[in-house]
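The two complexes that follow have chain A in common; it is paired with chain B in the first and with chain C in the second.
Up next, the complex of A and B:
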């Protein structure tokens, strides 16, 4: 564990009635690190993302961003602090243009003016190769383009931590390569990233460390090769009988 | 001609017609026109609240009633000068708008509609029940603003208020606040994740629209000279919604035009008694079926479509030349 982690979660818990969606979850991230957060369906990955971005309030635990505890704070405060996210199913401002989608997060910072926000947005569009769509309505984009636009919207927050929830789900293989390359580039540029996805091949191709969750708990955390050999992880993915064999 | 310039040209022509109308129209139509400005303010501010910010409130006419009654009671009960009483009514609308805005923060869609409907009905029933204060269904007398019998000063005052409300709302929509309100309408969770303090902007839009509705109510009360709780009945709210929807719920000029056209139409069809409301209902159904965004945006789109081939032809001519 880094001595002074950039991002740290400790003892995080979230219950929905009798369901323990997240239980006693702790992990840290060093600045510039990229972490794969994996686990079978219903293991608590998205709930974790929702908690550490302020969309859900935790029942217990702390969330430290650069030393300040932000647990329970509103989502917009996390965003303003540079904790940006994408959603499993893109949640764009559908009846707004691509450009408008991008400048909304930029202008949420009162000190940023519209011309500079638009200039930054054009840069993001160039990075994502979506320049030609700037004036199109977000609802007119293809599924893959919507994923890219959502990534762009998160980048407009000048994030220090990016949480990407299933960026590869339902994406055409050609676009998948493009998204993988974008994530690599962002990480090379110093962005700290948490990547949640079921596509283990894609995740492994990007990250060196994975955290595995099952039934709301952390069951493994470490180097990809080691973790994927972990019997508990194998059991979680293949079922107890297969794991026992 | 682009859609924006088309819209501006249409608005300029309509404003000129509205300014000149009293020169040509008789006292009855000037009276009708002065009432139409009341509905125009309500429909346009409701369009901002529902069409741009996605907050489907049914308490809008209650804010008009609040403004009208507060101003009337300020003069009649507290003996305040009319101007002070009006300001007091506006302050009351700001406080109430913020309170209701805060109360409904977590509600949306049908829940928000039902909640605000309940608030509106509670307020109306208080107006009915508090006879000592409001004179109930007998009606509360409200002093006029101008001496003389002519409605012309009220007509121009109403028109001026509509123009000022439109300028204020258009200005708001042109700022980042307008962008945030539309983002909240599209997806509140995504707006929060984009750094927007949605609580703040939802309360803000409730306050702004409550103030405009209250100003409309103040104007209406002082113009008509008597206020009854019927100002806040559900059919009145339905009428305002129909005006905004027919004109264009996501277009402020559309809502104003919708209000004026629907009100003038309902007055023109008075001879048909209750059947005119059936016709209004049919008009609403037809608009919803064939021009979901309302008539004004449909006309704007048509003008844009017409302008495109002409622009293309000009380019071809230039190339040919």
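Up next, the complex of A and C:
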């Protein structure tokens, strides 16, 4: 564990009635690190993302962002603190244009003026290769393009931590390569990233460290090759005692 | 033809005031997802606020309208913070029922308080301008003309505010998805307060604009509130543009319907029936309203 982690979660718990969606979850992230958060369906990955971005309040535990405890705070305060996220199914402002979708988050910061927001938005569109769609309505984009736009919307917050919830799900293979490359570039540029996805090949191609969850608990955390050989991880994925394939 | 023109212009004037009331209701509904059953009482309060600002403080009539809007904005903000806001917390379990009860309660409380405070007798603030515009067969009192022009200015201003300003776009974002708005740094609760304040100001402005045309009374908001509900369903719930179109259409249909009813002695009694008929026909042809869509947003 880094001596002074940029982002730290300790003893996080969330229960829905009798269901322990997340239980005693702890992990840290160093600045600029990229972490793969994986696990079978229902393991608590998205609940974790929802808690550490303020969409859900934890029942227990702490969430430290650059030394400040943010547990239980509202989602917009996490966003203003530089914690940005995307959703499994993109939640864009469907009746705004692509450009408007990018400008609105920038203008939520009262210190930013519209010309500067528009210039940054054009930069993000160029990075994501979506310039030609700037004036199209978000609802008219393909699923993959919507994922890219949602990534762009998160980037407009100038995030210090990006949490990407299943960015590869349902995306055309050609666009998948593009998204993978964008995530690599963002990480190279110093963004700290948590990547949640079921596409293990894609995750492995980007991250060097993975955290595996099962039934709401962390069951492994470490280097990819090592973790994927972990018998408990194999059991969680296959439901058997077979070795890793 | 001149009779038709006269009816149409009067219908347009009343329709624009309806549109102003309905736009406020739509704004609140789109952003908060709350149907404000107290909207008519805010319209009435706006009328009285302008009356007292003009007669008590000696403000010019149009400044009285502005003052009434500011007063109602503050009233709306305070009401939302004190009464509506608990709905967003875990303290209130049945949120929809809570919203219905407190907004109905607002109407009952304010209407009865108005009876005590303002008295049951009609009051009339001074005219914006005495006389009438006479253009050929058309005779339009200046009060009506000024009310219509001011309503257009307010509606255009509202539309520009929603499309061109950061705050307006933030309101639009919350109206489309409060969760998505929150993850990009917009505080939805702040937007609820702003929307309720603005909705109240629009209702109050409409009441203040119509005050010199019709007399003020504690129950004056009842009918416009019903019309506003018809209009937002007619225009397509959640659409400010639809509210404007619906308001103007309702005003025109009512004015022309009453004007051309064969029995002039009973014609006025059928005013509301024309509105109801228009609503029924529209919903039969377009169940989502004139500009309605499967989901709601501000436009």
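In the analysis below, the second predicted complex is superposed on the first by the 239 of 245 C-alpha atoms of A that agree within 3 Å, B and C clash if a C-alpha of one lies under 4 Å from a C-alpha of the other, contacts with A are read in each partner's own complex, and residues count from 1 in each chain.
One rule holds for everything that comes next: a contact is a pair of C-beta atoms (placed from the backbone, for glycine too) under 8 Å apart; a residue touches a chain by one contact, two chains touch by 3 or more.
Please read all numbers here as calculations on a predicted model, not as lab measurements.
In the three-chain model built by superposing on chain A, chain B clashes with chain C. Contact with neither chain B nor chain C is seen for A:59 once the two complexes are overlaid on the shared chain.
In the superposition on chain A, A:93 makes contact with both chain B and chain C. Counting contacts by the rule stated earlier, residues 53-55, 74-76, 79-80, 84-85, 91-96, 100, 103-105, 107-109, 114, 153, 156-157 of chain A appear in both its interface with chain B and its interface with chain C.
On chain A, the positions that touch chain B within their shared complex are 53-55, 74-76, 79-80, 84-85, 87, 91-96, 100, 103-105, 107-109, 114, 153, 156-157.
For chain A in complex with chain C, the touching residues are 53-55, 74-76, 78-80, 84-85, 91-96, 100, 103-105, 107-110, 114, 153-154, 156-157. Touching chain A in their complex are the following residues of chain B: 176, 179-180, 182-183, 186-187, 189-199. Residue ranges of chain C in contact with chain A, taken from their complex: 166, 169-170, 172-173, 176-177, 179-188, 297, 299.
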